[in-house]
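In the two complexes below, chain A is the common chain; its partner is chain B in one and chain C in the other.
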Partner chain A sequence: MRFQLAALSLRRHASRTLLAVLGVAVSAAMLLDMVMLATGMRQSFASLLGRNGFTIRVSPRGTLPFDTEATIGQARDAAVAIERIAGVTAVAPVLGTTIHVLGAANPVTAFALGVDPAVQGDYQLLQGQHPTANTLVASDALLHATGASVGDTLDVAVGFDPQLRTYTGRRRVVVSGRARFTYLSADDRAAALQLASVQAMGGADRTDRVSLFMVRTAPNVDPEAARVAIERALPRVTALSTAGAVAEAEHRLSYFRQLAFILGAVSLIVGFLLVTTIVTVSVNERIGEIAIMRAIGVSRAHVVHQIVIEGIGLSLAGAASGLILGVFTAKWLNSILRGFPGLPDAIDFFLFEPNSAFRALALLVASGIAAGIYPAWRAASLPISGTLREEAVG
Partner chain B sequence: MPSPAWAQRIDSIPPWSAAVRTIAIDERLAADAGLHVGDMVVLVAEPGRTSGDTVRISAIVQRRADPSEVARSEYRIRMHLGQLQDILGYGDRVDRYAIATAGGAAADSALRRINSVAFGFHAYPSREIAVETSKTFAVVSRFHRAIGMITIVASATFLLCIMLLKVDERRRDVAAMRLMGISRATVIRTVMLESSFVALLGSVFGVGLGFVVSAFVNAHYQAVYRTPLRFAIITTGTVTYSVLLSLVLGIGAGALAARRLARTPPLTLFGR
Partner chain C sequence: MSGQPLLVVRDAHRDYPRSGEPVHAVRGVSLDVAQGEYVAIVGPSGCGKSTLLNLLGAIDRPTSGSVSIGGSAVSTLPDKAATRFRLTHIGFVFQRFYLLPVLTAQENVELPMAEAKVPLAERRDRARELLGYVGLEARADHRPAELSGGEQQRVAIARALANRPIVLLADEPTGELDARTGSDVIALFDRLNRDGMTIIVVTHDEKLAGAARRVIHMLDGRVIRDEPLLRRA
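After this line comes the complex of A and B, so read on.
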């Protein structure tokens, strides 16, 4: 009965109800998007870093991985020292450099990683074999740029001197495979070679040096404890756990998180105000009716319930529409932010997390309930005789 | 080597001694490491090296208001080119030259000449580099525009709803006016005038709120990122756009509701 009366009351002013639902839907969509933005970056980045079980990154002291061109010297000794630390199960050395694929009129420039194929976590092989001493695996973008395919031979060089037009190292390598590079975007031209090959081509400057180590720890070991042990064992490095890296990324991108929080809060307030206004006006228009209902014996609780149900109805309809609208707008906004240059493919700014999403929408519905309470209380507290007289005369 | 002219000197002393070379450090490094003008420090190419160059801090400089540096947390040191080349063992080499020209045609002519005679390197116009390095900000700008569009749709719906309700509340007044013989056109104009006044008042309040919020946003993010960069700027264009949008929406909603009321028979409006 209460539900029927509430539904009839909302249907009486169909256009007004529709507009209110639309307003709440836009607010709900915005709220949902902002929740997705706030949680998406963190989870997406943590999931990217946690791939292949590497929990710690070790880079030259005071730097973040690949943030500068600094390298770690005496890499073999450093790797041994890290491997000795309790809980460390694997150490993957990585040396980054720029390579030039020669042959065409203009050499093709690409980012190259020197890795140990047995423990690497930088790429996923899509086709072919891991790199050996005289082979490399390449990204599709590099293969496309060079017109090469698996099995072809490339003339690659490192350390270009623009004045002398010479290279510190140059060798002919066979493309042994195609790979997707985990931390690079699909458009990046990239290749992976054996670490020793990249070090040798880099000349004396790169001998026994790496850009970073990726460290895998046992599942029962706290990565933070291993991180501290690494920094204690090697004072010339900075060790960063996945949690620390996520915190650093969050600091750098805190703008987006705070924007999400502010806009989410504004959406919630707008939704609340909209439902409050609609229900209040609706109650004001029906003061006479409510007084009659009370006069013929309808209980105060019944009136309150009916009005609160109206608020919930508006909020629920708005939240349901907002859920659909929000998912679509999130995809649109995500496609815009995915345009950041060099963003890894695996990173998404908007991630639909059912728990967070439904909690946010539940908050909106709760605000709808709260929005109905004041007008309901006001309507139920009306003096019956006075209101009837005023409405009849007025 | 970046020019010290890019940064604003906020504290300095004259060179102390010809024997000890001097450097400038950014205020972030000075604050975090507790360094002051006159302090002696040792510069090394990488951590762990025992030999280095002992220098005196002669200036503390403020970071540039450069968006590309906002999220980067590293420290900055300004030193003489030769000094850096010595420390790094870089030889007589530089990463790039920045070339000042008289501008316009002179810049294009210099560019052509350098590229035709230079062996081994290439000159780029600054605008080309600016386009390349500002891609990140172009994405952020597109994102802001998209968020702005969603916000406008949300606020337009809200405004439309409120205006319709506000006019709807006046049904008895409108009925009385119509029964007194006031024409439909006058009723519509009156209601529209009212709604535009409400929209204008709301806009003025909104602009004021915008100024307060932008001041807060600037203060907050300047502290978070330790930069003099201004994150929110309210321009005349922004104010004009928002006030006009609000007025159009307010008047439109008022007109819509007023027309509906004016067409309804007065006695129906009275509920009779």
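After this line comes the complex of A and C, so read on.
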């Protein structure tokens, strides 16, 4: 009967209960969003790096991939050395550069990657063919900027010298396909060519050089061990495993996590105080009834249970509503934040992880239990005769 | 008295601390109440009637002295045992009815039985029977707000009888009722007593006190007169 009494007590002031549930729901939604924010970027960054099975990035010593314009020389020998390391199953060389698509009144500038199409992990082909010696695949943004489409020929130049107004390399290439670039945003103008083409167009400075190697390891191999072996074999490079990259990103994003933690904790406290206040007000209104219940033999435990159940009821209803509200809010905020220029499409700021979300909501419900304890204790500790006397006078 | 004492009070005192100086609400009251008696406790406001009733009902404990009911020393029972004792041995009726407004009349009567873990079907039957006894079977599904004061008090009496108590304690049961509905309650108490229920009422109502078989007069926390009335035909 204590469940029935708790439910009826909450229904007694339906509008107040509804407002309290909405308040807890907002608090729960914020808590959920903060949990999703705290884990979202890390998880989606790890997921992004782990795509296509590449577990190690190798860049010039002391740099992060594409952090600088530094390159790795004697790339062919370096690739062979890496391939020889136990557990390495594939090595994908990448050379980044800036290309200028000539022909229009103003050249269109784009980011280009020289890759080995057989092992690359930088783009997904949406239409057409992978690049050959005189073809490229382009992002939709580049095709839109140049007005080109698959099958068209572009006049592409590399290595612009602003003083001499010349290029180190220039060639006419056919657009062989459309592609989505994994690590770039949808708005980025980008193209992928064969590695040899980019190296050739870059002149002597780019001969046999790459910006990085992406390395795939066998599933049963510890990438960290392979990473150490690569650095040992090639002292002029820095190798970064996905786990290391995630840890580095996490370090750089610690501000977000601290912010999320603080706001999440504030949400939890607000929810706790809200439930405590509502249940305390409700108990204060029912002091006489509670004293009578105790007088006719209803146990302290019954009173405590009933009031704690009311707190749990408010928290559960608020948490359930907050789950829905939080997911929708997160989607909306995510769509805003993903509009930041230069962010890879695959990056999500808010990621719904059922375990984390339900842990956070369980915490909120636990705080609802705690919130009911004070008013429950107060109600159960009422001196029966004194309360009845005061009620009779009142 | 009509038998062995069911309820025994010996030199009961109840003091309340107030601003450092204790208020002596009950001062050395001793009395015996036999099974089947119908006792009215009367006296001016503040004379200690309700405090004495609370001591008799194990709601409160005497500062000194003892109270025993049915052989149990209720004044020394720990809270949990006293609560259980009230549930199973004592029926309470209060001036303001104090029915739970969220429950129907039937559910209010079922509440003490549910607390005593009486099976659902049994407590439904018993609640119906009691509501029939107080003439409210047709109002079983009504909430207190839909009942008149007299009807609410009759539901409260049915609730007090739910667990077949050995004594019914009533504190100003007609205090909030008009003359006609007050008479209904007095008649109901009379019927209950004729059916064997021991009843102790605290009242200012002369009609109610006149219906009792024994009247205890109190003044300043003491019993000043204890008189049996002539049994009516």
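Here is the rule we go by: the second predicted complex is superposed on the first by the 393 of 394 C-alpha atoms of A that agree within 3 Å, B and C clash if a C-alpha of one lies under 4 Å from a C-alpha of the other, contacts with A are read in each partner's own complex, and residues count from 1 in each chain.
What we mean here is this: a residue touches a chain if its C-beta (ideal position, glycine included) is under 8 Å from a C-beta of that chain, and two chains touch if they have at least 3 such contacts.
A quick note: this is a predicted structure, and the numbers were derived from the prediction, not measured.
**Q** Given the touch rule stated above, what does A:R252 touch, chain B (first), chain C (second), both, or neither?
**A** After superposition on chain A, A:R252 lies in contact with chain B alone.
**Q** After superposition on the shared chain, which partner residues are touched by A:R294: those of chain B (first), chain C (second), both, or neither?
**A** second
**Q** Between chain B (first) and chain C (second), which does A:P219 come into contact with in this model arrangement: first, second, both, or neither?
**A** Neither: A:P219 stays clear of chain B and chain C.
**Q** A:P354 contacts which: chain B (first), chain C (second), both, neither?
**A** So A:P354 meets neither chain B nor chain C here.
**Q** Look at A:G339 in the shared chain and tell me whether it touches chain B only, chain C only, both, or neither; answer first, second, both or neither.
**A** First partner only.
**Q** Need the overlap of the two footprints on chain A, from chain B and from chain C, as residue ranges.
**A** The overlap between the chain B and chain C interfaces on chain A is empty, containing no residue.
**Q** Under the stated contact criterion, what part of chain A meets chain C in this complex?
**A** 1, 4-5, 8-9, 11-12, 288-289, 292-300, 302, 384-385, 388-389, 391-392
**Q** Within their complex, state which residues of chain C touch chain A.
**A** Chain C reaches chain A through residues 50-51, 54, 57, 59-60, 79-80, 83-88, 90, 92, 94-96, 98, 100-103, 107, 110-112, 114-116, 159-160, 163.
**Q** Looking at the complex, which residues from chain A come into contact with chain B?
**A** Result: residues 15-16, 19-20, 22-23, 26-27, 29-30, 33, 60-63, 67-68, 70, 73, 161-165, 235-236, 251-255, 259, 263, 267, 270, 273-274, 277-278, 281, 284, 329, 332-333, 336-337, 339-341 of chain A touch chain B.
**Q** Can you tell me which positions in chain B touch chain A when the two form their complex?
**A** Its residues touching chain A are 46-48, 71, 73-74, 119-121, 135-136, 138-139, 142-143, 146-147, 150-151, 153-155, 157-158, 160-162, 164-165, 168-169, 221, 224, 231.
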